[in-house]
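Okay, here's the structure, questions in a sec.
For clarity, chains are labelled A, B, C and D in written order, and residue numbers in each chain start from 1.
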Amino acid sequence: MLEDLSLEEQKSVVKVGDVAVGGDELTVMAGPCAVESREQLMKAARQVKKSGGQILRGGAFKPRTSPHSFQGLKEQGLKYLAEAREETGLKIVTELLDSTDIELVNQYTDILQIGSRNMQNYGLLKKLGELDTPVMLKRGYAATIKEWLLAAEYVISHGNPNVILCERGIRTFETATRYTMDLNAIALIKEKTNLPVIVDPSHGTGKRSLVGPLAKAGISVGADGVMMEVHPNPEEALCDGQQSLTLDGYDQLMKELSAVAEISNKKLAV
Amino acid sequence: MLEDLSLEEQKSVVKVGDVAVGGDELTVMAGPCAVESREQLMKAARQVKKSGGQILRGGAFKPRTSPHSFQGLKEQGLKYLAEAREETGLKIVTELLDSTDIELVNQYTDILQIGSRNMQNYGLLKKLGELDTPVMLKRGYAATIKEWLLAAEYVISHGNPNVILCERGIRTFETATRYTMDLNAIALIKEKTNLPVIVDPSHGTGKRSLVGPLAKAGISVGADGVMMEVHPNPEEALCDGQQSLTLDGYDQLMKELSAVAEISNKKLAV
Amino acid sequence: MLEDLSLEEQKSVVKVGDVAVGGDELTVMAGPCAVESREQLMKAARQVKKSGGQILRGGAFKPRTSPHSFQGLKEQGLKYLAEAREETGLKIVTELLDSTDIELVNQYTDILQIGSRNMQNYGLLKKLGELDTPVMLKRGYAATIKEWLLAAEYVISHGNPNVILCERGIRTFETATRYTMDLNAIALIKEKTNLPVIVDPSHGTGKRSLVGPLAKAGISVGADGVMMEVHPNPEEALCDGQQSLTLDGYDQLMKELSAVAEISNKKLAV
Amino acid sequence: MLEDLSLEEQKSVVKVGDVAVGGDELTVMAGPCAVESREQLMKAARQVKKSGGQILRGGAFKPRTSPHSFQGLKEQGLKYLAEAREETGLKIVTELLDSTDIELVNQYTDILQIGSRNMQNYGLLKKLGELDTPVMLKRGYAATIKEWLLAAEYVISHGNPNVILCERGIRTFETATRYTMDLNAIALIKEKTNLPVIVDPSHGTGKRSLVGPLAKAGISVGADGVMMEVHPNPEEALCDGQQSLTLDGYDQLMKELSAVAEISNKKLAV
């Protein structure tokens, strides 16, 4: 099935400044779903840093199912992210939605995130191949593992070997959770390729209370890192509040993840 | 479920020059998956015209799962399409893959096709809202009906009311056919909205022998038109040969569709 | 995929008394989801007969998702069905849930229906192989076409060649309709085997307004018959009211189906 | 979604003789897919015992997709299982396929396993409610969590509170693994109910090399135990060889699971 894939020049460790994704340290990416204001972002960023994360997430361009939902702060959001990086020293990961915004987003971010709905936006993937910036490629919510790896191959074969994968749940018949996390996929990809893989239990479950258990499971199955949504006030979030950890919840979970990481031969500096 | 949708300014009939999609005539769009050469395209185009089609399909920019597969003839392909239109009088529908190519593709085509993998490429959808050119929005292969209609709403609410939907099969657990055609969706959309809907049994089944039966079923369930892949020599097609009709097969099928259209109160000029 | 299947001794026409399923007549099976009372059943039966149906459906043993839902009238329900047959001349199809009830149900019914949840109840299938009574095997809602045909093979290879298939929708990610009708499956099975296939748009859509369009589509794609839920008072049905046709709605639809059947070379005596 | 479920009299710890499933000890069930011979079973059983398992699995009645595949040794298989229990002291879990075999299977086994294809065989579930024997109810491969819990409710509300759930993978569009393990489901069920849940990574992945990683993930997410297929010679297994651990592989994995169990506050006596 996957035997005929030859991912050219793939890297097993992707360097994001002094953060190594895919090495012996567990990478933690955390922050709000969307950047909503300077205050909201800074509160989240400080907690992410304090509890042991390395990378701050936050969407400035938001791909929303309805055109009438909040679409993100755009460049202003990117500026807040840069400010948070300046203050905390965290790296930044943020989503790129459209090829016309590459230059703008690339100017601000440390990792370009390609969201689930864009995993097969091949024009965009080819353009990412012309950059050096690390790309985090989320799995399409209905993409097979093979299609996902071939999407990575688009970026890699066009010249950018710095690809990080992110499993964020797939769409199945089950509706009690937002998506179904496919941890089989993480195990299989770690066996067949040497690409770094991050697990995103916030989107993968859609429920705050399940983020912890699935983060632990993702680490146990071999993920190189965890991406989590954290918000100073989830009840008032403009996007995905019900799956966001509170600042305290995040802090508590980080302590628990540390023990799990150790069993999986990963370090987590808390 | 769909009750809260208000598709702004949607049209029940979309005009493509003198072809009306969504009226009392059944619209037939046919042609090869990909434009491969002038000769291949012209042969297909002449047959499409002769057997009673109104719109010629053919991909110049191809979204392929692997970066190592044929990616299309690009602008040269668009030129062949224009040439075929010139000779036959058929209108053209061709896929737009990336927002950076809008101007180029829009220059040549009569309908801009947005493929399944781009249905939630919201940046692209917004830009289409700034044009007048009819847009054929294929359903994402794992998009719910609601998400599909909201994607249409992106185009419509940004100013372009000329949206045609196309059901092309969804991804399910079944592997005996390439996709599972969701004809429930066509019936439901015709009940709840007045958008025109086309059925694409070539992608929806992936098998030449099933194109006819599913085309008939699609018309019976209320589709306003049919899109079919036709190739002068399917065995040597660079893309999707096993689901392409031969020229003779297409001619034969058109005669059969005529009777089915009549029952469904649609005319088909064969 | 399906090439290695050899369905032993399968019949292309299954005789149910003087009704031939799979021949040149379109078979119509209709009636309430569950037998609720003598009055309810008789009203439905008379309409089914009057509008041109041949077979009366009605569940006496109901497989309900919750143990706290109405479980059926059991033997009393079977007796009402027999009474309705006596009066109207319709044949009967009713569901067999458990192998311990075979003798009882077989005593009353003309066709033993095996429901979706029991399609892979292999112990039951083997026992059906020892009878001569026609078996209508509904597709498991998540069974592949191959698994479905192999389930038929269980019955056939154990000695009973009188198997009728029934496509009743599969479970997918789409929630706007109850299930997704897989008409690809009907077309493929009619191509690869000669087993009769019935389409059940009531369960396949879960919505009264979609039963007509999908019944037509099912006939167009090659189904040998249609199964529909009809209830004298759907609003008060103990089971599946929202997908049941009214008596008038059924009568009206039968007239429309007649024209569609003709196009598909099937006769429907209305 | 699940809020309206009231599982009557459910137990958080199910006693299987002196083995407590759902308490502070991690339960390990292991053994061959099918009982093939006395020798095969005894070899597996001795290893299961030696490496720290408590319960021996092995199918005597096998639900096979094709009627032409090996159907199990039936009563002879049950006798071998009893013999293995006698020698090793392990408890036994084996599948019950049909309600006519309840008495026979119940005579031999300590836990009655209801397989995925029978999860909605309601006649069978009701009869299990009349026994005291613990029932391990595998999730239907396309059953929602709610349907699964309601199936458990069938057994419990008919009088048998000794129900153990087993997540064994669901059917999705992904074909690179046999099924997709739904660990979200385990986390959600542990949050909403107090039923014990076992994880079965052998069926859930279909690949020997993924059994270990998914077993660990299952324990991390909160499972009360693990079920694994172990065979003295997987290459020659009559059933599911490619997902069976070797005796050595099993022994090695048990050591690794011990550390993971500890993190999850479960003891595993190796």
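Quick notes on this structure:
Basically, a residue touches a chain if its C-beta (ideal position, glycine included) is under 8 Å from a C-beta of that chain, and two chains touch if they have at least 3 such contacts.
Predicted model, so just to flag it, every value in this text is computed and none were measured.
Looking at the partners of chain A and chain B together, the chains they share are C, D. Of the two chain pairs considered here, A-C and B-C, the higher C-beta contact count falls to B-C.
Over half of the residue-numbered contact pairs at A-B are shared with one candidate from B-D, A-C or C-D, namely C-D. Chain B and chain C have CA centres that are 34 Å apart.
Separation between the centroids of chain A and chain C, computed from CA atoms only, is 48 Å. The multi-chain contact residues of chain B, meaning those touching 2 or more other chains, are 142, 146, 171-173, 175. Within the complex, the chain D residues that touch chain C are 63-68, 97-101, 117-118, 120-124, 126, 140-142, 146-147, 150, 153-154, 157-158, 171. Of all residues in chain C, those touching chain B in their complex are 1-2, 142, 144-146, 170, 172-177, 180-188, 190-191, 204-205, 207, 209-210, 213-214, 216-222, 259-260, 263. The touching residues of chain A, when paired with chain C in their complex, are 142, 171-173, 175.
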